[in-house]
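What follows is a group of structures, each given as structure tokens.
Common to both upcoming complexes is subunit A, partnered first by subunit B, then by subunit C.
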Partner chain A sequence: MMQNHHNLSRPAGQKLRRNKLKTQEWLDELLLVLPASVLLLTFLILPFLMAGYLSFTDQRLIPRPIPTEFVGFQNYLTVLRDPEFWQAFKNTAYFVVLVVPFQCAISLLCALLLNSELHLRSLFRSVALLPLVTPMTVIVVIWAALYRIPDGFLNSVLHLFGFQGYVDWLGDMTFAMPAIVLLSAWATFPFQMLIFLAGLQDIPMERYEAAKIDGAGTWEMFRYITFPGLRNTNIFILIITTLQAFKLFTQVDILTHGGPLGSTNTLVRYMVQEGYSSQQVGYASAVAVVFVILVGALAVLQRVLLKNE
Partner chain B sequence: MMKIFNPYKALRTLAAVVILLCVLVPLSMMVTLSLNPSEENILINMGTLHAFIPETVSLQNYKEVLNDPYQPFARYLLNTLLVVFCTVGAGIFINSAAAFALAWGRGGYRKIYLMVIIAVFVIPGEALTIPLLLLVSKFGWIDSYQVQIVPFIASTFSIFLFYQFFSKLPQELIEAARIDGARLFQIYFKIGFPLSTPVIATVSILGFLDAWNSYLWPLMVTRGTEFRPLGVAMAAFFGTQQAYWGNIMAFAVLMTLPIIIVFLVFQKYFVTSVVGSSVKG
Partner chain C sequence: MKNLPFALFATLALSTAAHAKQITVWVIDGDSERPYFLQLQDAFNKANEKKGLTAKIVPVPSINDAIQSGFLSGKLPDVFMLDGPNMANYVWSGQLAPLDSYFSKSTLSDILPAIKDQGTYSPDGHLYAMSPYDSSVLLWGNKKYLQEAGIRIPKTLKDAWTLKEFEDALQKLSRVKGVTWPLDLKLNYTGEWLSYGFSPFLQACGADLINRKTWKSTGTINSEAAIDILEHLQSWAKNKWIVPASGGDNRFYGDKTAALVWVGNWMWRAHKEGLKDDLVLIPAPKFCGNKQVSPNGGWSYAIPRASSNKDDAGKFIDFAMSSKQVALYSDTTGYVPARKSAIRLSKLYGKGAEGALMAEQSAKIALVRPVHPAYPVISKSFGDAVLNILAGANIKSELDKAAKEIDQDIQSNKGYPPFNK
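On to the complex of A and B.
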């Protein structure tokens, strides 16, 4: 009996210990994963699901005596028929179309400069990075001074070139969005510049040396070596610049309040207006869903288009 | 030896100088206007060279900004620092821990977890602000510090960067620690976390910039001066006192200076972090 007990107990004890170890390991893993998971579920996944659900209701920010009702696709129909939404959509698209090529070109140009032989290269780089660390609200205020009418700095520059009168940069429907574009490009071009710079440094020097031997000029080298060599960088930059541009909010909210006549109102600002200022959470959620679909589709489209090129 | 004049190099230098001026003109205007105590002079100077080259140097505007009882600059700065450090600090531990479990844990959930993390990358945070606002107001968090900190601690982007780093650690290293009887938690804390300083630097710098720049969210969830950060305060200040350029620019300089100093000190890490995040991300 005793022997039997012994024989049985040893493997059982080992199994117990192994089970204990396994439980401990699971506990450890849970401990590591849990905090981030709880936070992500609460503040990312839950709001995401809420946006989807709320977009089908007439939820308000502040509770009303009448309970919240399910309204089906009502909010979406209203969104699509709302001229203010379409104006915000057009403005955002206009901003993207202007700012993306402009900003990409400037940052590529700066990266090319920095990558070549240049006096005071490190000083140039440090200074070029300053806008990236200047808070956006500060940048907006500085540019508000530059755009001042009738005698702000930019109008003085125009005078210098013989232009009579002045441009109402922020108050004129034609100039307001381009003015926002200029400011935005100034504020964030260093980010793209740094990424271009990293891409440039990944192109092997031998290719340039070989091209030089073949007698290629500066333009040929850019056209046949640099630009193709930056293919992945270009894709990445195009995607992030576009996504960044779609989120335009701070600049127009402080500088133009979406004006004049709604000509600089953007999708994000329109959503905030509806959800926060007008407290129409259900309706704003529908705008948010449309916004997510737009941005998602754009990211996918860009990726597909550029991969096939 | 004759120095050969290189026209390309001269042209490049010229282009660089032009770009340098484009960057410096707005920034130097901020400083110059902030040093001018006379609002009248500021308006006269705004379109002239004196908008960039100080005519007078006075700290009057700074004194006014720092002593303004309605715009407590010190309070705003404290609020911002607290929010930034808590968000970034807690984020480093929580995100790296999750990433370590994803890289070296044994649960079958890990693949799905990673897929979800990559999928939600595309969701712009701005799109979630309205439901998030409803959520935090149900928690009773409006106008507080936690409303500006807690929702932003966990970040799929940070988890992904940490995961990429941890998953490249040599298998032998982790196995050896396991054989020595170390538990997953210990391996994370004694091996994984200390080794990940480059990623920590990256997510700290990017998180710092993000938190320092945040505007939309604190605008919606803070009501008065008590919990308001610098960014929202600056916008409010600008909105109410549009005429007082000198004070506004002094406020702007005070708000920008700390972050520029941090940038100049950590410039090397700053550049590698921006580049690293994009190449890896």
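On to the complex of A and C.
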């Protein structure tokens, strides 16, 4: 009897304790998630829901004496029919295609350099982080001087090589976007580099030692140990860089104002212009919703493709 | 009880502090304006010390954006400066308080007519914005280059260059040693400059940004006259006669690779320091036949309707519009004073002074920008068109697009009543 009772009571007591534990864990988790959720809710989800609502109205930036009206899908139809929107879309895509591989490559290269047995390594690490702590507007002003005509740094370099005349880096349709790409990659690569650096230091040293004993060269070690070891890091970096690239705004707004002939206008700048300069908040909200859907779809697509690999 | 006097003093200080009123004033943030506003704050606070009234003047970069956000969030100061042509839009939106009652009759009759035009909202005839200065755009030249090229330098409005003479001058200047670009059109500026600086090209030829009677843009901004004159402008860009946007600000007065510049009064000090005696002021060219137009107006003081302290705000504007302050504004920044009495006080614009030509332009050939609630859209659409035309786009289709954008905006606001009546 005693034993029987014992047998019966034990699982019940355990279950209770486990339940208690579960509640406690659940509360702890909630507590941890709470600050982030509040921030996400107020600054991301709520504004997005508001934009969704506004996109169906003809809301103006400054309140006006005639009432705001519902316009159904009118704003969306206008967005999709506006050639300027599609040009901005094309420009943004072009920027992403250029900047993502370029920026990933230089950040990986710098991470590799800084991870090697370099003299003054810590000095180089701090120097490499400089762009990260400099505000974008300041960076843009500095680069504007590099691109200046006829006597900016880049044109002076061309002169050194005997080139007559000058290149209008920011005013020429061919060069404007690549110039923005170069600046942007330089301005934001340290972030990716840091993550690569962390990834590199996660790869066990033993593998390299073993490879060395087997007689592997630098390239082989990179090809067969480093690169596969960075798989998760790569996926993360690719996604984060792409998302970052879609937000291109400050650089073009200050340097080229979207020109020449709209060749550097981006989706975000188009949205800001419509919302601020033309004061059409309803319309700009529709652009924002389309933008979020586009970028969201792309992020999901990237994840699916990289998972299947 | 040793501390009694101190305690008494402290209570006194606290009670006056409680009665003291402070108004906040947002002003534009510019190199040439900053010293003036520091002076204004001190002068106003000193004059109102006994009344316990003080003003805190805050220079705000990108003030236009700040004001727009302020309207939305309800966080605005008691006085702010707005760009004159935006006044109608804000009044129509119900955001500004009328200013008429804060000025005496004698002050009002002393203000330049063009400044009153800029600040008056036609549907109700009230004054909503008041600028301490007027601006003007003309050509500034480097005398050395002009003489080397053997070009006649006009001195008065009457003997201004014709379009043909002007283009001839550009051609000759382009061959002068040291000149990379004959003309700087300040393409490094953005925003309002494009419509402010380039609409005179159209207006001198009988076109405009919008028809000021029917408030329709189609047929006016894209008329034959507008296309013709912008063809000239585009050809100068094609000939590489114009400093490109990435050329920066100081080609004319800095390294002197530009020989002429089309820009306003605010560059006075920089030009004077850079060129010294080589600086010459050249009147706006006669772009079409005998007609010439220059833009005018500028940043003005206004009181938001939401301000709970309008009377003190009004006192501040009245103080800032006193002859003495207006003359000081002009001497510090180089703008034309907005009061006739201040013109006489001004070192730059008084009779026979260096700036007389600019004051003459303001009085004779200046045309106020369309005072209409759609102005922000009018300005942006034309500005975009100008930039694209300079970059080589098809002129007619750019102007057609601008016309369509403007008319559509007016339509989607139901004609901005009561403007449609």
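Here are a few things to note about the model shown:
The criterion applied here is as follows: the second predicted complex is superposed on the first by the 264 of 309 C-alpha atoms of A that agree within 3 Å, B and C clash if a C-alpha of one lies under 4 Å from a C-alpha of the other, contacts with A are read in each partner's own complex, and residues count from 1 in each chain.
We adopt the following convention: contacts are C-beta pairs under 8 Å (C-beta built on N, C-alpha and C of every residue); 3 or more make two chains touch, one makes a residue touch a chain.
As the structure is a prediction and not an experimental result, all values here were calculated from the model.
Aligning the shared subunit A places subunit B and subunit C in steric conflict.
Touch criterion met: A:144 reaches subunit B and subunit C at once.
Once the two complexes are overlaid on the shared chain, A:295 sits against subunit B while remaining clear of subunit C. Of the two partner chains placed by superposition, subunit B and subunit C are both touched by A:276. Of the two partner chains, subunit B is the only one touched by A:118; subunit C is not.
Using the contact criterion defined above for the overlaid structures, shared-chain residue A:229 touches neither subunit B nor subunit C, since it reaches no partner. With both complexes superposed, B is the one of subunit B and subunit C in contact with more subunit A residues. Touch criterion met: A:61 reaches subunit B and subunit C at once. Comparing the listed stretches 9-17, 81-89, 135-143 or 261-269 of subunit B against subunit C after superposition, the clashing one is 135-143. Across the superposed pair, subunit B and subunit C both touch subunit A at residues 61, 144, 148, 151, 276. Contact residues of subunit B toward subunit A in the complex are 8-9, 12-13, 15-16, 19-20, 22-27, 29-30, 33, 43, 46-48, 51, 94-95, 97-98, 100-102, 105-107, 113, 120, 122-124, 126-135, 137, 150-154, 156, 159, 183-185, 188, 209, 212-213, 215-216, 219-220, 230-232, 234-235, 238-239, 245, 248-249, 252, 255-256, 259-260, 262-264, 267, 270-271, 274-275, 278-279.
Within the complex, the subunit A residues that touch subunit C are 58, 60-66, 144, 147-151, 168-171, 256-257, 259-262, 273, 276-279. On the subunit A side of its complex with subunit B, the touching residues are 24-26, 28-29, 31-33, 35-37, 39-40, 42-48, 50-51, 54, 59, 61, 109-110, 113, 116-120, 124-146, 148, 151-153, 155-156, 159, 186, 191, 194-195, 197-198, 218, 236, 240, 243, 246-247, 249-250, 253-254, 268, 271-272, 275-276, 281, 284-285, 288-289, 291-292, 295-296, 299. Here subunit C touches subunit A in the complex through residues 65, 68, 71-72, 89-90, 92-95, 180, 190, 244-248, 255, 257, 376-377, 380, 387-388, 391-393, 405, 409, 412-414, 417, going by the rule given at the top.
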